[in-house]
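Working notes, structure below.
We call the chains A, B, C and D, going by the order they appear; numbering starts again at 1 in every chain.
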Amino acid sequence: MIDVQNQPDERGIKIHQTGVTRVHLPFLISDAGNVQQVAAQIRFTVALAANLRGTHMSRLTEILTEWTQRPLTISDVEKILLDALDKLSTDFAAITIAFKFFVKKFSPVSLKPSLSAVDCEFSGELSRGSRMKFTLGLNVPFTSLCPCSKEISDCGAHNQRSICRAKLTFANNDFDNVSIEKFVRLIEAQGSAEIFPLLKREDEKFVTEAAYHNAKFVEDILRDVVIALRGVENLSSFAVECENFESIHNHNAFAAHEE
Amino acid sequence: MIDVQNQPDERGIKIHQTGVTRVHLPFLISDAGNVQQVAAQIRFTVALAANLRGTHMSRLTEILTEWTQRPLTISDVEKILLDALDKLSTDFAAITIAFKFFVKKFSPVSLKPSLSAVDCEFSGELSRGSRMKFTLGLNVPFTSLCPCSKEISDCGAHNQRSICRAKLTFANNDFDNVSIEKFVRLIEAQGSAEIFPLLKREDEKFVTEAAYHNAKFVEDILRDVVIALRGVENLSSFAVECENFESIHNHNAFAAHEE
Amino acid sequence: MIDVQNQPDERGIKIHQTGVTRVHLPFLISDAGNVQQVAAQIRFTVALAANLRGTHMSRLTEILTEWTQRPLTISDVEKILLDALDKLSTDFAAITIAFKFFVKKFSPVSLKPSLSAVDCEFSGELSRGSRMKFTLGLNVPFTSLCPCSKEISDCGAHNQRSICRAKLTFANNDFDNVSIEKFVRLIEAQGSAEIFPLLKREDEKFVTEAAYHNAKFVEDILRDVVIALRGVENLSSFAVECENFESIHNHNAFAAHEE
Amino acid sequence: MIDVQNQPDERGIKIHQTGVTRVHLPFLISDAGNVQQVAAQIRFTVALAANLRGTHMSRLTEILTEWTQRPLTISDVEKILLDALDKLSTDFAAITIAFKFFVKKFSPVSLKPSLSAVDCEFSGELSRGSRMKFTLGLNVPFTSLCPCSKEISDCGAHNQRSICRAKLTFANNDFDNVSIEKFVRLIEAQGSAEIFPLLKREDEKFVTEAAYHNAKFVEDILRDVVIALRGVENLSSFAVECENFESIHNHNAFAAHEE
C-alpha cells in the first residue's frame, strides 16, 4: 500500500507544527500524589521536514492511547514528547493536555468538605537535544468586590465572580515541588475572597464580609498575583490574565501582564 | 441528472423535521420600526412525507437568501414558512432565527446613551391550513443581590450578573404591539437592578444602592417575571428561566417555570 | 441566624424547578460494570411550594458531594432524587448529569484498540409517590456519505462527520440491560460508516470504502436509527436528531424525529 | 465623589493591558467600500502606569459607543487607539474587534448568488509616538479531500469541512488595498475545493469532482496558503493554522506555521 504521506515535497517549507487536535482521552493525572482520571482534550503536534509531504498522524494517536494506561506526572510529559520525536522521526514535538482537576475545599466556618473544579493545562515543547519547556495553565475562580463602588455608595458594593488565567513556565525540569493545588491556593488568595462549592449560612456571612473588607479592582488582583508569582522559586516566566464578570455590566473588566 | 432525494422510501416513517441548521445570514430585523442588520443563525426545517427519501435542502437556503434583501418583521416569519410549504411541497415548516439585537439605554443618573446587546430568537411553526405559532425568545441580563447574604452579614451582600431566558408564545397573530425592546424593559425591571454598558461614577453609586435596597433571590426574580408576563395581554403561554452567576460559588443558582 | 429562604411568600406561585446548575463534580459512573471517573456537569433542582420564598440550595450541593464517593448506576439516580425530596421537603426533584464516557473501539482491520469519547447525559425526574422517569442522552458520532453526490458525480462523493443526539426514555425502572456502550454501538451502526480514534492505512481504506458503499442522507440515517430504537424492548419514548457537518457547505444538514 | 481609580499605587508594577472585554456593539465595518452592520465583540485595553491604582474603564466604553455611529475602516482603528491614548492618559492602547462579515458567492455552475459568513478580527496596537501595528484575523472555510484515502481506496475518498485561521500583520499603514474579501478568496482557493451556502445539483457535482481531483493533506493546504501569502506585497508577518474536521475520526487534523 502506497505511503502517500511519505512522498517528497518540493515546496521547501518546513512546517512548525502538524498533528491532531481535539482528541479526547481518559488520562490519569498525578498531581503531588493525588491521582485523578480526567477527560483530557489534547493537541499533539510535531514539526514536519521541508522535504516530506505529510506526517503520520495515527502514530500520534497511538502514543496518546498508550498513555491512558498509567498515571501521568508533569515529568512524564517529556517522555510523551521523546516518544513522538522517535516514532515520527522529527526534531520537534509539542503537546497541550487540557482537563478539569478537582481540588478539595473546606467551607470557612462550618468546615464542610467539597470539591472545586479547576481548568488546567499541561503544555510541553521539546526540541531534539534540549530539555522540555513546560507550561502549567490554570484557570482559578474567586470573588472580587469593587473598591470604587464600596467607597461611593452609602451601602453595599458590587461584586462578582472572577477568574485568573495563569500560564506558568518553569526554569528547570525539576517538577517535584510543582503542584496544581498549591498554585490554585496561591492564586485564589489574591481575590477579594475565596469561593466554595458548598456554603452554609455561617460560611456565606463569612465570605460576604471577607470580600467587603478586602475590596480590589481587577488591577489590584492582577498585581497581587504578579507579586505572589514572583515569590515562586523556579518560575522562568509567567503570563497572567484576570477577568471580572461585572455584576453591573453585561461585559467584563480585564487585566493582563507577563514577565 | 437523477433526483436521488425524490426517490421513493419504503420505511414508512414520516420525518417531523428535516432541513438546514447553523446557517449564518445577514437579516434586517424590524422591531417596532427599529431596523437593524443582524448576523442571524438559522435553523429551517420541513416535514418529510413517509414515501419520500429526502428533502431539497438547497431550496431552503434559496428562500433564506431571498429574505436577506428586505426588513423582516415577526409577521414576515409566516411568509417565509408559507414559502417553504409551497416550494418544498410539504405540510409543515419551522424556523428559528437567532440574533443579537441592540437596545438603547441611558445610564440612570448621567443619562449617557449606550447600546445593550440582547440575544433574541424568532421561532415560527406552520402547519398547512393553520396560522403560524410564533415564539419570541429573549435573554435579558440584570443584576441580582442575595437577601440572605444581606440579612446575615454585618456589611455588604453578594451580588452578581443574572440572566432571564424567556420564551413567549402569542395567542393570535396580531404582532403589532409585540416589541423586543418592550419585553426587555419589562423583564430587566424584575432584577435587583438594571445593568448598563456605560456607567459614570454617579451611575455606579445609583446601581449599587438600588440593588442593595432591592435584594432578591433567583426565585423572587422568577416569580416577579411570571407576574409581569401574566399581565401581558396576548400571550398564550410562556416559559421562563432565571440564572444567577453566583459570586460566591463557581456554579449558578437557577429557577424555571412555565405556564 | 435568620433563615431568609424559609420566609413565607405571598405571590402564590409554585415554582416548578429551582436549584443549582453548572456544578462540576467528579462522579464515578458505572455502566454495565464499567466504572469510569468523569468530570460531570450537573443541574439539580426541586419544586418550591407556593408559600415558601426560597429553597436551600446548599443542601443540593451537599447531596451531590456525598455522591462523589461511590459508583453511580442509573438506578442510583433515583436515590439521589429521593434524598432531595427528603432533605428539601419537596414533592418533585430533577437532575441532569452530563459527562464524557469512553467506549473501547478496535480499528476494523488492524484491530488496534483505542478509546472513543461519547457525550452522555443521565436525566431523572421524580414526583413524590411515583417512580423516577429516566432519560439517557447520547451524542454518537459517525461518518455520512451523500447518495446524491455519489450518484451525480463521475468520481468521489462528499462525506463528513455526523452526530446523532438521542434521548431515550425507559418504560419501567429495570435498568439492568441498559448500557451506554450498547446504545452507542446500535446508533453508530446506522451511519454510512463507523469512525475511530485510531486508524492505520488498511483501516482507512476500509472505512473509506465502507462509507462509499453505504451512501445515506441525513434522513436515511435518522429513519434507520428510528427503526433500530423501535426494536429496543423497554423504551417508552425517544427523541432523535441527526446532524451532518456538510463538507460542501459551512452549515449543517439536520433531521429530527420523536415518538 | 472620590476617584478611587486615581489613587496612587505603591506596588511598582506597570500593567501591560487593562480594560474591558466581551463588549458587544453594533459596528459599521467598511471593507473596500462594502459597509456592513455587524454585531462586534470587542476587547479594548490600555497600559496602566505603575503609580496608578486603576484605569477609567467607562471612558473606554464611551469611546467605543461613539464609534457605533459611523463606518469603521482599518485605518480608523488607529483613530480609536489615539483616542484611548488621549482620554486615558496612557502610552499604549490595544483593541480587538471580532465580527462576522458576509462575502457574496456565486455557485460554480448555476451561478446562484448567496452569502458566506467569515469570522473576522481587526486587531490594533498603538504605542505613543509610533504607528499602529494592525493584524487582520480571518477564519476561512473550505473542503479538503485526503490524498492517502483516495490513493489506497478502490472508490471514494474521505473529505470534510476545513478551516484556515490566518492572522495577517501589515508592513506599513497603507490599508488601501487590504480587503477581507480579497484575502478570503486567496485563502479558500488553497483548499481541495471552495464551499458555498447554496448549491444546486449541477453545482454539487462540480464541487464533489473538483475536490476529488485536487486531493490535499492539511499540510498541503497549509503550505499552499503560505506560498499564497508570501506573494502578498505589504505583509510584514503572518501566522496560519489549518484544521480538518476529519470525517473518519472524532478529532481533527491540524497544521500551523508562521513567518
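Keep in mind that, in the parts below, contacts are C-beta pairs under 8 Å (C-beta built on N, C-alpha and C of every residue); 3 or more make two chains touch, one makes a residue touch a chain.
Being a predicted model, the structure only gives us computed values, none of them experimental.
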- Note down the smallest number of touching-chain steps it takes to go from chain A to chain C. 1
- Which chain pair shares more contacting C-beta pairs: B-D, or A-B? A-B
- Note on the structure: Rotating chain C so its CA atoms sit on chain D gives an angle in degrees, to the nearest 5, of 180
- Quick one: which chain's Cα centre is the longest way from chain C's? D
- Query: Measuring from the mean C-alpha position of chain A to the mean C-alpha position of chain B, what distance in angstrom results?
  - Reply: 35
- Express in whole angstrom the distance between the two chain centres, defined as the mean CA positions of chain B and chain C. 25
- Between chain B and chain D, tell me the centre distance in angstrom, where each centre is the average of that chain's C-alpha atoms. 28
- Identify all positions of chain A at which a residue touches two or more other chains, and write them in rising order. 1, 23-24, 61, 117, 148, 152, 197, 199, 201, 205, 250-251
- Please name which positions on chain A make contact with chain B in the complex. 116-117, 141, 143, 145-146, 148-150, 152-161, 193, 195-197, 199, 201, 204-205, 207-209, 211-213, 245-251
- Residues on chain A engaged by chain D in the complex (per definition of touch): 1-2, 4-5, 9, 11, 13, 15-24, 43, 45, 48, 53-55, 57, 61, 147-148, 151-152, 217-220, 222-224, 226-227, 243, 250-258
- Can you list the residues on chain B that touch chain D in the complex? 1, 3, 23-26, 36-39, 58, 61-62, 65, 68, 99-100, 102, 112-115, 117, 197-202, 205
